[in-house]
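Shown next, in structure tokens, is the structure this report addresses.
For clarity, chains are labelled A, B, C, D, E, F, G and H in written order, and residue numbers in each chain start from 1.
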Amino acid sequence: MQTEIFLAGFGGQGVMFAGQVLSYAAMDIGKEVTWIPSYGPEMRGGTANCTVVIADEEIGSPLVQDPPGVIVMNLPSLDKYEPAVKPGGILIVNSSMVDREVKRTDITSVAIPCNEIAEEAGDKRMANIVATGALLALLPVLTLEDIEAALKAHMPGRHKHLLPKNIEALKRGAEYAKKNARKAK
Amino acid sequence: MQTEIFLAGFGGQGVMFAGQVLSYAAMDIGKEVTWIPSYGPEMRGGTANCTVVIADEEIGSPLVQDPPGVIVMNLPSLDKYEPAVKPGGILIVNSSMVDREVKRTDITSVAIPCNEIAEEAGDKRMANIVATGALLALLPVLTLEDIEAALKAHMPGRHKHLLPKNIEALKRGAEYAKKNARKAK
Amino acid sequence: MAREMWKGNEAIAEAAVRAGVEAYFGYPITPQNEVLEYMSHRLPELGRAFVQAESEPAAINMVYGAACTGARVMTSSSSPGISLMQEGLSYIAGTEVPMVLVNVMRGGPGLGNIAPSQGDYNQICKGGGHGDYHPIVLAPASIQEAVDLMPAAFELAHKYLNICCILIDGSIGQMMEPITLPEMQPVVRKEYDWAVSGAKGRKRHVLSSIYLDVPTEEKVNLRILGRWREAQANEIRFKEYYLDDAEYIIIGFGTAGRIALSAVRAARALGIKVGLFRPISINPYPYKQVEELCQQAKSFLVVEMNTGQMLKDVQAAVRNRVPIRFYGRLGGVMPFPDEFVHEIQEMVKNPGKPEDDPADLWYQRMMARGEER
Amino acid sequence: MAREMWKGNEAIAEAAVRAGVEAYFGYPITPQNEVLEYMSHRLPELGRAFVQAESEPAAINMVYGAACTGARVMTSSSSPGISLMQEGLSYIAGTEVPMVLVNVMRGGPGLGNIAPSQGDYNQICKGGGHGDYHPIVLAPASIQEAVDLMPAAFELAHKYLNICCILIDGSIGQMMEPITLPEMQPVVRKEYDWAVSGAKGRKRHVLSSIYLDVPTEEKVNLRILGRWREAQANEIRFKEYYLDDAEYIIIGFGTAGRIALSAVRAARALGIKVGLFRPISINPYPYKQVEELCQQAKSFLVVEMNTGQMLKDVQAAVRNRVPIRFYGRLGGVMPFPDEFVHEIQEMVKNPGKPEDDPADLWYQRMMARGEER
Amino acid sequence: MPAKGWIEVNDLFCKGCELCITACPPQVMALDMERLTPKGYHPAHIVKDGCTGCAICALVCPEAAITVYREVSKTPAPAAAGGM
Amino acid sequence: MPAKGWIEVNDLFCKGCELCITACPPQVMALDMERLTPKGYHPAHIVKDGCTGCAICALVCPEAAITVYREVSKTPAPAAAGGM
Amino acid sequence: MMVAMIVNPENLVYSRPKGFTDTPSHYCPGCTHGTAHRLVAEVLEEMNVLDKAIGVAPVGCAVFAYNYIDTDFVQAAHGRAPAMATGIKRVWPDKVVFSYQGDGDLASIGMAETVHAAARGENITIIFINNAIYGMTGGQMAPTTLPGMKTTSSPNGRDVETQGYPIRMAEMLATLDGAGYIVRRSLHDPANIRKAKKAIRAAFETQVHNLGFSMVELLSTCNTGWGVTPVQSLTWLEEHMIPAFPLGDYKIAPEVAALKI
Amino acid sequence: MMVAMIVNPENLVYSRPKGFTDTPSHYCPGCTHGTAHRLVAEVLEEMNVLDKAIGVAPVGCAVFAYNYIDTDFVQAAHGRAPAMATGIKRVWPDKVVFSYQGDGDLASIGMAETVHAAARGENITIIFINNAIYGMTGGQMAPTTLPGMKTTSSPNGRDVETQGYPIRMAEMLATLDGAGYIVRRSLHDPANIRKAKKAIRAAFETQVHNLGFSMVELLSTCNTGWGVTPVQSLTWLEEHMIPAFPLGDYKIAPEVAALKI
């Protein structure tokens, strides 16, 4: 059993971190996992994407052409990666940064205002965690508890105080996704 | 038809030049020829040897294991190369620098006081030419006239005045060799 | 032991530390910077030697000096930097002293790019430096495999008085995987009968690669060759997947090899009896093993991230017994498993003839595809 | 035209001058110093550029710069110096600009010695620098052949926008032979649509080897490969001796090849029907020609002044069709024809089996011989 | 007092580094938090009167994003265009 | 006058470069044209009285071929052996 | 409407130089590499040599200099720009050949090429960007990194005991007879930017008059590598770099001085 | 019989140093490489560190230095001796590590390694033989070749216009903070040979006291390369080289001066 998740956004949107949280959670429940980044040529402000593969056996390719789970945090990423989502797969779109609808109907998609929800949860820098919660609500490769545990275990000490807020953000993301998912036709 | 000549001595004894004179002469009469040096590791005063191959067709190896014609200008060279002379071949030994007899009897050898003869001919630096004359007297791959012509044609202008002396040295070497050759048994 | 998430480059550096590396000399170059940066804090904290050299030639010659002391020493670099080290590597091989080189390949030639590539296989395996010598080259396909090979690398370097190279590409260097690191080994400084340490109470040691006397140099060349032949006999490493009943066999090393694993599973899901042979020691190369596979394989698919460099070694082993198909991506393009699956399907449709020139046919396909685009 | 006696290195330099070389950049190293020294007086006297660089990396990068102007440019060096040029060579290949390299091999690895060797065949043919590229390599066996190839070298470099290497060893560089030099060609400075010269009245030209966009780099790699495949198709050079009725065939390049000629004659004198195939273009290699020889050859004898580097290419062409025997001398030892004759006789006595490993059997013989001594 | 000078900041180039803003002698510049450039930066612009067209902003702009105008002045200011 | 000093030149090392000869203050040295060293050079030696054992010759000899003795003097001369 | 009046060609005081392409730079916001590029472009334009200039881009953040400065360009191997420029200049003695290099490129791996180009009195101009760090590769220690300065390869601050001292290139090269014009300037404020431009002009004039090797060392910022904001980076440069790398003229050959630039 | 009396151990004033092997040198007659070797051997012997010294031989005529100086030795790639010495010193900080290099090795191809070893304040000692030429390869131009000087690669005399100017290493390295002891001496006469030995001692003391990089530049002869007799070469050195390469102390760190050697 293997699941691939692709996360895309601008540098600074916490995309890499979100991917790492997923990886830690997967590791902690005894799964095989790979996290691989891909940066644009820009030194700053460029694009920042990563792919997470979670599996039960030795993982082959850390990259896949059509991931079943995709998070896009901005418009360019949506334009670029919407076509890549595996038919029947999940696409989480951060609607706070994207002003258009998802075109594809053969996938389940959620347009979720991650920035606003994060702000409500206490810190707008947690948009990435909101999106993660949303994804896991529809792609049950990991439970929210797994993520909670991972955050607890691996969040650097100086950020520990942010833990409750992060868990809150995670949950709100998941709830929102459950309510607002546009199911695949 | 191919003939190989090996010349050995200390640096400064004109061994390289003698080899080149042979080469020029061979070239001028339309032969194929190769001249290849081999120096010892020393920068100065070390050994200096060269091999000349004269042939009618494209020449293969510029080196041979058992040359039919060998000139040794000093004792170390005699010790090292006497065994290499091809059975039935010619060995010219500069007796001015060598105090022992040639041991081999299966080759024709000449012990010739090149330095003295050269001095008589007008310049002791021509010992190499004396030896060359001696060799050609017994190994008729080139005539003395060929050498004369080559010296005329290729001696650098500033040395032209030495030409007569060189020719003299060449002849004396040849004469001495004819008289004093110890024929192969 | 507990698993931890590590970035490839840092894991390799820590594995080297645990393997007892005493000195690291290097120069920054993407995508291997994390090795150098990790060493820059880790080694001083352990009281071991770290120097950021002024260049790769300087780095490799610092390594050369340290190697002459018998210490466990290493450097790391990437393609252009490795090219600049070739003279030093040849000296090290000619002086018969041990060192470990971590070679993180990127897209080339020239400045190229920093994306994952396998374009330097020939350079490191077939002779980048001058003269007759053969570095031992190990090509892990995962971070775990890389850290497991690190202690072995130092042991091989010392056992064969040779260069041992860990060859990876940017993707393995940059990705993160959960791994278990090797045990921390104590640093052991042996008194080798060849190493320099100051001639206290012993006759002096001189280490050099100059042999003006040619017969002596010939003996040295034969001695180096002799050790290499031992390595060829004893140090073959590889991994096999789904080969038991395989009728078709993919051969790929490093990243291309692990991508092939995904492709093999996908193809098996389609009912194709395909397996994977992944060389780990690419120098010495597992020629015999590949030769044996000829008995079961209807045909081979060689996959690389270059124009078919390892392909030549496979061909040398196969010698027209079985048809070979080749598929390569170039210049830093990392192939997707689907591309390999497609190649497998095509191969099954038409296994081709043993005399075919796989590189040629591949090139034709690439160009055709180019025109389509 | 009149024949003159020339020393190999100087003849090559003068031939380059007559071929219209506009700029030479080099660094002293034995056994190629005469090339540099000759250029140091000849080029200034003709108003062309000569620079003694501070090092080989500097020299090759000066060449790189000059090559970007479209001028006919060259350098020369020997083994350690060639290793130091590998990064620059890779950049030149990656930038697709033309240059000529005169590579005078010496004994290695490391500092080694200055005696004639063929130990750098793999380095120059199989990939000394990083990335996928293939220099054109021509290996003359005589001074006449070398000077005749010089104009061709510059033309090939420009035709294929590639490195063209004249590969010799110290013996060809140091010996003298009577030769006829090529005609003096006028220097022609073309306005290439890629060269830099200041963007006067045209859009600017930019030359670089960096392609951060991987698909673009892949296209560049394919373009470089495409040109190389043309060279493979069009630029095969070799010379055949006594092959018409030959039952046994020696294959050797450069100096080993010309020594083999003497051996062939000697063996024929002994009544053995042996011939010589001497590759001149060793990259691209005449695989087809060697393959065809399999039809007439009872077995091959490959001779080299290394541990059997070209042997691999012969094996790639022969593919177990015919037995191959190998004989090599190492570390600067120049074999005598008699040694080859002996090998020929042994081969005739026992041609061996196609599956034999020639390098292995040779090594055994060398060691046995070593013990005798 | 009427504007003597004016600047235009090219969105294509401006990266909102604020060097011009701190350098501007009359301190009439600021980042435009309302707008994002194609590259995703808030560009600089003039926020109050008083631009003298001294071109100091253009002199310090690493992106050569600023075009400067000054009334009447016919000769280019020494600052940027000024030769030697 | 009796010799106060003496030198021995080691044929194994001497190359007849004459540096010692020109440096010798009392000028008592010369090359020995009668003899050839194993390497084929005429070695240096003392040709007349007057060697003071000053060791200047040893100081300038690039081959460290010279051993120097001096009567009575028990302490080594500052010249060569002399430390700092 | 006021504005409308002002914004017309005859009031134009400054606009993007002709020598600059329309390509937006890849530099981090506030990086003074851009400033240096602009000055070079302006000088080449003012000297009217854009169409006879050939630039040599380094390996470093300025690797893409050719995307911005609108002249013929080549891109060198890391540190070898002076050698590559030499190769070009020897073939085209009448062209204006310049390299643009960072401190890692010029002072670390390229040290030999730099010193020898200067010693040869090679008629080329080098624009040397000293930002005390390796920008492109992610902020490692450079040969110009200040003692105690934290970088990704001197995480506890440059320890002079084990990692040595910064190299002052201008001072070092000034000891060479082949050097015609060697100065150090800074890009941290308007006045110094003007001085920098004057120096760049003087350097190119040195080349045009065949007066030997010319180099302008420019103290430049790397806010990313230094971990500060663009605005802070200017003050950091002024407070920390200038004391370690004093601005000034280190070698001006009499013939160059005579040019009265 | 007089002689017999004198020739006895208690009258021994000088004999071949212990630090020297019994191998006859491969140097040309009269080459002062031999003198430099001897001084190094004497100093190491006097400092009693022969058994903790590790030498690094260059590529150059001194490539076989290890055949003569009786300590542990390695042989470096051309110009990389300072890097190789660094590698050794970092593993063995308590050993005495020195390199012995010619001008082509140190100042041409090895320029970067030399400057950076000095800038790092690497605790090694370099004996730098400046003979203004490439001896081993047959007398080509060196970075130290004098203007107008004929060599096999400057056959009409070094033309400063196209071949540049000699480099004064001591002066250049003296600009570096890492350098502890940088001086230039000569080997052309007894007095200067004594001074040279003192300097070599001081350089090694600098290392032993961990006071940073030390280099002694020694003006040396190459009668073969210069095409003169050994005796003439000494005068040539005095008359031509010393004016171009003034003898003196170029950098003596206060701590080193304090050693009062």
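Worth pointing out:
Rule of thumb we're sticking to: contacts are C-beta pairs under 8 Å (C-beta built on N, C-alpha and C of every residue); 3 or more make two chains touch, one makes a residue touch a chain.
Predicted model only: the values in this text are computed from it and were never measured.
Steps from subunit D to subunit G, taking the shortest chain of touch contacts, total 1. Common neighbours of subunit C and subunit H, listed by label, are D, G. Most remote chain with respect to subunit E, judged by CA-atom centres, is B.
With centres defined as mean CA coordinates, subunit F is found 54 Å away from subunit D. Rounded to a whole number, the gap between the C-alpha centres of subunit A and subunit D is 56 angstrom.
Rounded to whole angstrom units, the spacing between the C-alpha centres of subunit G and subunit H is 36. Subunit E and subunit H have Cα centroids separated by 60 Å.
Counting partner chains per residue, subunit C has residues 51, 54-55, 57, 80, 87, 91, 95, 110-111, 208-210, 212-213 touching two or more of them. Looking at subunit B, residues 41, 45 sit in touch with two or more other chains. For subunit G, the set of residues touching two or more other chains reads 27-29, 63, 75, 77, 108-109, 111-112, 116, 120, 136, 143, 163. By the touch criterion given at the top, residues 3, 5, 142, 171, 174-178, 258-265, 334, 336-338 of subunit C touch subunit A in their complex.
Within the complex formed with subunit E, the subunit G residues making contact are 2-3, 5-8, 10-17, 20, 22, 24-25, 27-35, 38, 42, 46, 189-190, 193-194, 198, 201, 229-231, 234, 261.
Of all the residues in subunit F, the ones that touch subunit H in their complex are 2-3, 5-6, 8, 10, 12-13, 15-19, 22-23, 39, 41, 53, 55-56, 58-74, 76-84. Contact residues of subunit H toward subunit G in the complex are 108-112, 115-116, 119-122, 143, 160-161, 163-168, 171-172, 175-178.
On subunit D, the positions that touch subunit G within their shared complex are 22-23, 25, 49, 51, 53-55, 57-59, 61-69, 71, 73, 87-88, 91, 95, 196-201, 204-210.
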